[in-house]
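Both of the next two complexes hold chain A, though its partner changes from chain B to chain C.
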Partner chain A sequence: MLPYIIRRLLISIPVVIVASIVLFWFVSISTDPTARLAQSRDPGLVERERERLGLDDPLTVQYGNWATDFVRGDWGESFISRRGVSTEIWNALKNTMKLIFWAIGICVIVSVLIGVFSAVRQYSALDYTFTTASFIGLSIPTFFFALLSIHFLTTELRDLLNWEDPLFYSVGINSADDKSFLDFLRHAALPVLTLSVQLIAGWSRYQRAAMLDVLGADYIRTARAKGVPRRKVIFKHALRNALIPLTTVMAVDIGALFGGLIVTEFIFAWPGMGRLFVNAIVQGDTAIVLPWMVVVATFIIGFNLLADVMYGVLDPRIRY
Partner chain B sequence: MVFRQDDPTKEASGGGIVASEALVEIAEDDALEDAALDASDTGVAAFVEEGKPLSQWRLFRRRFFRHKLAVLSAIILILLALMAVFAPVVTTYEPTQQDLSNIRQPPSGEHWFGTDNLGRDLYSRVVYAGRISLKIGFFVAIISTFLGTLIGSVAGYLGKWVEQLLMRMTDLFLIIPGLAVLIVANNHFRDQEIFGVRLATDSLAIVILSFLLWQTIARVVRGLILSLKEKEFVEAARASGASTGRIILRHILPNCIGPIAVNATLVVGLAILTESTLSFLGFGVQPPEMSWGYLVNDARGTAGTDYAYMIYFPGLAILLTVLCINFLGDGLRDALDPQSKH
Partner chain C sequence: MRSASRSTKLLALLLSLFLVAAACGGDDEDGEEGQGGTGTTEADGGDEGEPEPGGTLVIGAEQEMECADWISSCAGASWGIWTLGGYTMPRVFDFDQESGEKVPSPLMASEPELEDDEDGGMTVTYEIAEEAVWSDGEPITSSDFKFTAESIRDGSDIYDKTGYTDITEVDDSDPKVAVVTWSEDFAGWEDLFGGFYGIYPSHILGELDEAGRNAAMKDGYEWSGGPWMLDEWVKGQEISLIPNDNYWGDKPHLERVVFRFVPETAAEIEAYRSGQVLAIYPQAQLELQELVDAPDTEFSVIDSLNYEALWLNTDKPPLDSKAVRQALAYATDRQAIVDALFKPVNPDIEPIDAFMTPANSKWYSEPFDKYSLDLAMVDELMEGDGWTKGSDGVWEKGGTKANLEISSTAGNARRERTEEILQEQWREAGFNLTINNTEAGTLFGEWGPQGVFQIALYAQVPPSTDPAICATFCSENIPTTENPSGQNWTRLESDLIDEPWRAVDSELDEDARAELVDQGHEALAEEVPGIPIDPFPDIFVYNSAKLNGPLQHNVVYGPFFNMHEWWCTGGTC
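Here is the complex of A and B:
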């Protein structure tokens, strides 16, 4: 197992490098770090900035310089806040992780329960209900659901309860005067809910399919024939194997979430990676764009790797 | 008795060489056997009970119409498309016509979906925005299906380093943050001329989305071709001297129509969803063009107020369209590709 993990890790390194080259090329043709200086009265300013950033060098030289700095931890500084890009990204990453952590905790439990129930009661009324609900969950635009949740769970719910403050807040990660955990939860509830809708819609389908697959296996029939109680067969014999496909799907999805929360964070003003990115684009802060993309791509590659490794660890039939 | 759309004899017998014709005979038998096996779990019962052969098309229709939700979805989608095409006929107001004495009117008989902040009729705005949203979904699906099929079939058929190169390139799209790339590209190219033309924002969205949504189809097509190119009817065509392009286009691809159609359908939904997200964030379609996502963005501030109906209608339009497309894709998958499990 260990040699396999090491081999996979080594293969990932060139993948990260190739991804960074492609992203570097893409960002260099589609952003202009001097655009924000175009209004300047000083005619030489743009020229000097291009000189300073080395924008007139050949792309290969530029990439070489950038990559060397990047590996050494010098990611440049934000044009707007003048803070280091690595600090900005690290702070945003922490907030995004908080969101992902809670969403995953809820989604795993709910999707597994829905998936198992739908599989055990295949073609029952509830199974059809879950299936239809998951189709809707996969078809609803994130921003639409987020706005609906703000409308109904913030304002309408507050009016219904006749409260001064809403139960759930729709802006930011903490109140200015209240940094308690409860306050955090009241802020996190709606973004986590928004995120969960799509994840549960997808994951519960996977869990249902995996569970159906396992329930049809011979060893399940054998267990039942031996007289093992139904409940025990479902949760002990079947579920444990049926969780394997979901873990890999989860790992891949979680990796994608690090860059995939753009809409949710934008709407709820959550100070994470997605908001950092949108703000950077709107403000022309191009220094953020490339490091942001490389970090996100690295997370995606890392979690894909994790998915592969976990599959091997969890399923002993797979040998490397 | 032709189950498959390709008839191996049609092409190859033109070669006129006796040996190749003999090969074709064998190939045909094998293909038929395969077809019979394929059909045995789904179509064969229907086939026997009528006592006369069913064409591929009739088998497809029979399976598709069994899927009630998919049929309903297809009808709704056709209606939506007709509304978009005949937008001037089905609306009474101009979508941009302002009426400042009638701002923020809730839905009524006069204004079905109410009016917005500038007194514009939301119903006609949603219908006109649907033109752009549906157009983008449709064209992105066509272009990315074409790209994906081209890349997938070349990679699958030629194999070796061509395949390695193309498929590693496809994999690369898995690890780049798609929405972020879309935002950057849209933000940049909307002020730029591309080959001397400045694209309208909706055409730009079509181009950029197409470049990011072809990989699934490429992967599916490559997988299908890898198995099909070993089949005897392809060998027969090759033996009788058909060119590579002809083999791919006339012999192999017709057998991939089912999965390609299913995935192309799903791409329509994905494109509409992604475009609406982009426009919602302010990076997609810009006025004077408008899409459903743009309308939701325009009304974003009304969440939590009495005017939230301005969000409901464009949002529900996206939800309904994408939902119907997904149901339709599901129905097509069951009808065209009975062996697949999803």
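Here is the complex of A and C:
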């Protein structure tokens, strides 16, 4: 398996390089980091800033300079804030990981339970209910769901409970004067819920389909015919095999989440990777955008690789 | 049946827990009704009673500053001043909203004295208050003035050096008197050693080079020369301020002020409604009308200094004709545009009648009030310029139709609505208007400087109340190869405009300057290099049941400029 992993990693390198070139070109031609200086009355300021940032060099030279420094481990500093890029990305990554950790934990449990239940009780009232809810969850835009959840679970719920403070917060990671874990959970609840809705909707459908496949297999019927208890057949024999396709889907989805929480983080003022990316794009801060892209691409590639590896581990028939 | 039964039990259990929680919550908050946004108390402005110390006030901030080294090119965001700079950097002048005048700040022992030197330069003497000290107890001295002036004048990474470049000397021989000499008259001198910069502490930063100073300040600084000082700046999340115990003026009543960054407007409104923030200072958006009737909410709106206008590129026919430009001004029902954009959040709003807003009351006049919708005047001007109306109702001259194109920033709903209204209005008057919007970076970085537009719709954000606008309208500021950064994108060359506005830059006598400003405004209304449309409403929303004190707008320093005088009901926010 090790040669396979090495081969996959080597293939990933040109993918990252091509993606970084495309992104660099796109950001460079569509944004201008000196646009924010337009209100200055100093006629030479924009030129000086362009010179400082090397923006008048040809794009190939700009990209080459960045790539050389990046490979040497010098990620530079933000064009706008002048803070270290690695610090900015690391801080944002930590906050995004907090969301992903809780969301994944909840989504795995809930979607597996729903998937198993819907398969075992196929065409029951609850199966139809879960199916309908899944389609709604998949169809509803994240932006809209986030605002709905803020309105009903923050403002309306607080009014209903007649509390002074809302039960769930919708701004930031902690309160100004309370940095406790409970306070963090009250802040994380709504972004995690927003993030979870689509994941649960999708994953539970995968789990249901996989479980139905397995439950119809000969070895399951054989186990039941030999008198193995139903609960044991479902959870020990059927579920284990039905988890294989879901596991691979999860791994791919989780990798994409590291850069894919743009809307959620923006609405809930969560200072994570998505918000960092939006701010950098809007301001034309390629110093942030490119390392961000490389980090996210690394996560996506890494989790895709993990999915392939896990597929082999979970299903011994797979050989690399 | 068994599973259904379990589900029912689970639902019943959850419902019970919910009701218990609701009951507990209700008990806890007995007597608090009306303070949590669910009561019915009407907003009263909250300026009654004795100040009560304590409490943490949380305010919603739409933007986060990038950098706290105010003179550097990495700064420049207004929210930096509203969240930190305005309360930590001592300044020479405050802006008095009532009178529209600059008044000496508590830093000054007396009003600065201006002397017009015989050699064409000028001298200003600043007498610093004896009790004025930095947060570490060190006195604020004339050496701080000198350090600030030299840092800006000689720095290479400065956001705006205007006014500082001609400073030849700062005499700091008397620690409490700074005598500053300029080689040329600079009428906007009151904006210096203040405005968005303030005064830098030489005893802390004096030993550092420019990069060192920037590194020491860009992520926030521990010292202060104002009523508040920075406690913590959690990037992406919040800035919190605590009182500066060594401030020599009135000390804050609040224990802490926190600005939480909420970039999304709808989320900001919900954060206010749910009590997570007690005040917000949002950009004017129609969604805000939801808060007009919210309980315990003071919804305060005035005109800001910022305004939106149509900018006419006079290099592009037919806008090279003054008659056509004036006809367009008569073809525009500016009141209808303003009503459509802002009436729900500001019922009293009116269009502006100069390239300035009434918020700048000292210098504002109304020469454009002659341009109200008047189709007869449009006809008269166009026919006088040789145009005739075709069968399709569009003006035509020499086989060329009066086709116009407007450009603005794509995706800005307010501007797109303005363009649609203009299309209708101008069609009635005989002009074809097409819309060609683009990204902000392209409009401001390429199309504007290169003149690749015919009519542009965008805002001006004056850096201060100083009336000087030669940079926007004088002919020497038309972008050229030699001067690519020129800001006169209308490209109109007019002595009528140049003469008064150039003189405004250097006239030190206030009355004479006011007369020149009026002449300049009249010249702009005559030449019509653009059409001023609307002042941006300055909107401040706060919970009047919890927040007390002299809450009011300040068009220069924002609504939080006097937070040290605010307090929370019962000492708890």
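What we mean here is this: the second predicted complex is superposed on the first by the 284 of 320 C-alpha atoms of A that agree within 3 Å, B and C clash if a C-alpha of one lies under 4 Å from a C-alpha of the other, contacts with A are read in each partner's own complex, and residues count from 1 in each chain.
As a working rule, contacts are C-beta pairs under 8 Å (C-beta built on N, C-alpha and C of every residue); 3 or more make two chains touch, one makes a residue touch a chain.
Predicted model only: the values in this text are computed from it and were never measured.
**Q** Under the stated touch criterion, which partner chain does A:Ile136 make contact with: chain B (first), chain C (second), both, or neither?
**A** Touch partner of A:Ile136: chain B, not chain C.
**Q** On the A-aligned overlay, A:Ile300 touches which partner chain: chain B = first, chain C = second, or both, or neither?
**A** Only chain B; A:Ile300 stays clear of chain C.
**Q** Could you say whether A:Ser81 touches chain B, chain C, both of them, or neither, answering first, second, both or neither?
**A** In the superposition, A:Ser81 contacts chain C only.
**Q** Which of the two partners, first being chain B and second being chain C, lies in contact with A:Glu47: first, second, both, or neither?
**A** In the superposition, A:Glu47 touches chain C alone.
**Q** Kindly classify A:Phe277 by the partners it touches after superposition: chain B alone (first), chain C alone (second), both, or neither?
**A** A:Phe277 contacts chain B only, not chain C.
**Q** With both structures placed on chain A, which of the two partners, chain B or chain C, ends up touching more residues of chain A?
**A** The larger set of chain A residues in touch belongs to C.
**Q** Check whether A:Thr31 is in contact with chain B, with chain C, with both or with neither, and answer first, second, both or neither.
**A** A:Thr31: touches chain B and chain C.
**Q** Contact-wise, after the overlay, does A:Phe266 reach chain B, chain C, both or neither (first, second, both, neither)?
**A** Touch status of A:Phe266: both partners.
**Q** Taking the superposition as given, does A:Asn91 touch the first partner, chain B, the second, chain C, both, or neither?
**A** second
**Q** A:Thr155 contacts which: chain B (first), chain C (second), both, neither?
**A** A:Thr155 contacts both chain B and chain C.
**Q** By the touch definition above, which chain A residues appear in both interfaces, chain B in one complex and chain C in the other?
**A** The overlap between the chain B and chain C interfaces on chain A comprises residues 30-31, 147, 150-151, 154-155, 170, 266.
**Q** Can you check the complex and tell me which residues of chain A touch chain C?
**A** 30-32, 34-49, 52, 80-83, 88, 91-92, 95, 121, 124-126, 146-147, 150-151, 154-155, 158-166, 169-174, 176-177, 266-269, 271, 275-276, 284
**Q** So in the complex, which bits of chain C are touching chain A?
**A** For this pair, the touching residues of chain C are 3-4, 7, 21-22, 25-26, 28-29, 32-33, 35-38, 56, 58, 60, 66-67, 73-74, 76-77, 156-162, 214, 218-219, 234-238, 240, 256, 258, 260-264, 266-267, 270-271, 273-277, 439-442, 444-445, 461, 463, 471, 483-487.
**Q** What residues of chain A sit close enough to touch chain B in their complex?
**A** Those residues of chain A that touch chain B are 15, 18-19, 22-23, 26-27, 29-31, 135-136, 138-144, 147-148, 150-151, 154-155, 170, 209, 259-260, 262-263, 266, 277-278, 281-282, 289, 292-293, 296-297, 300-301, 304.
**Q** Enumerate the contact residues on chain B facing chain A in the complex.
**A** 172, 174-177, 179-181, 183-185, 187-189, 269, 273, 276-277, 280-283, 293, 296-297, 300, 303-305, 308, 311, 315, 318-319, 322-323, 325-327, 341-342
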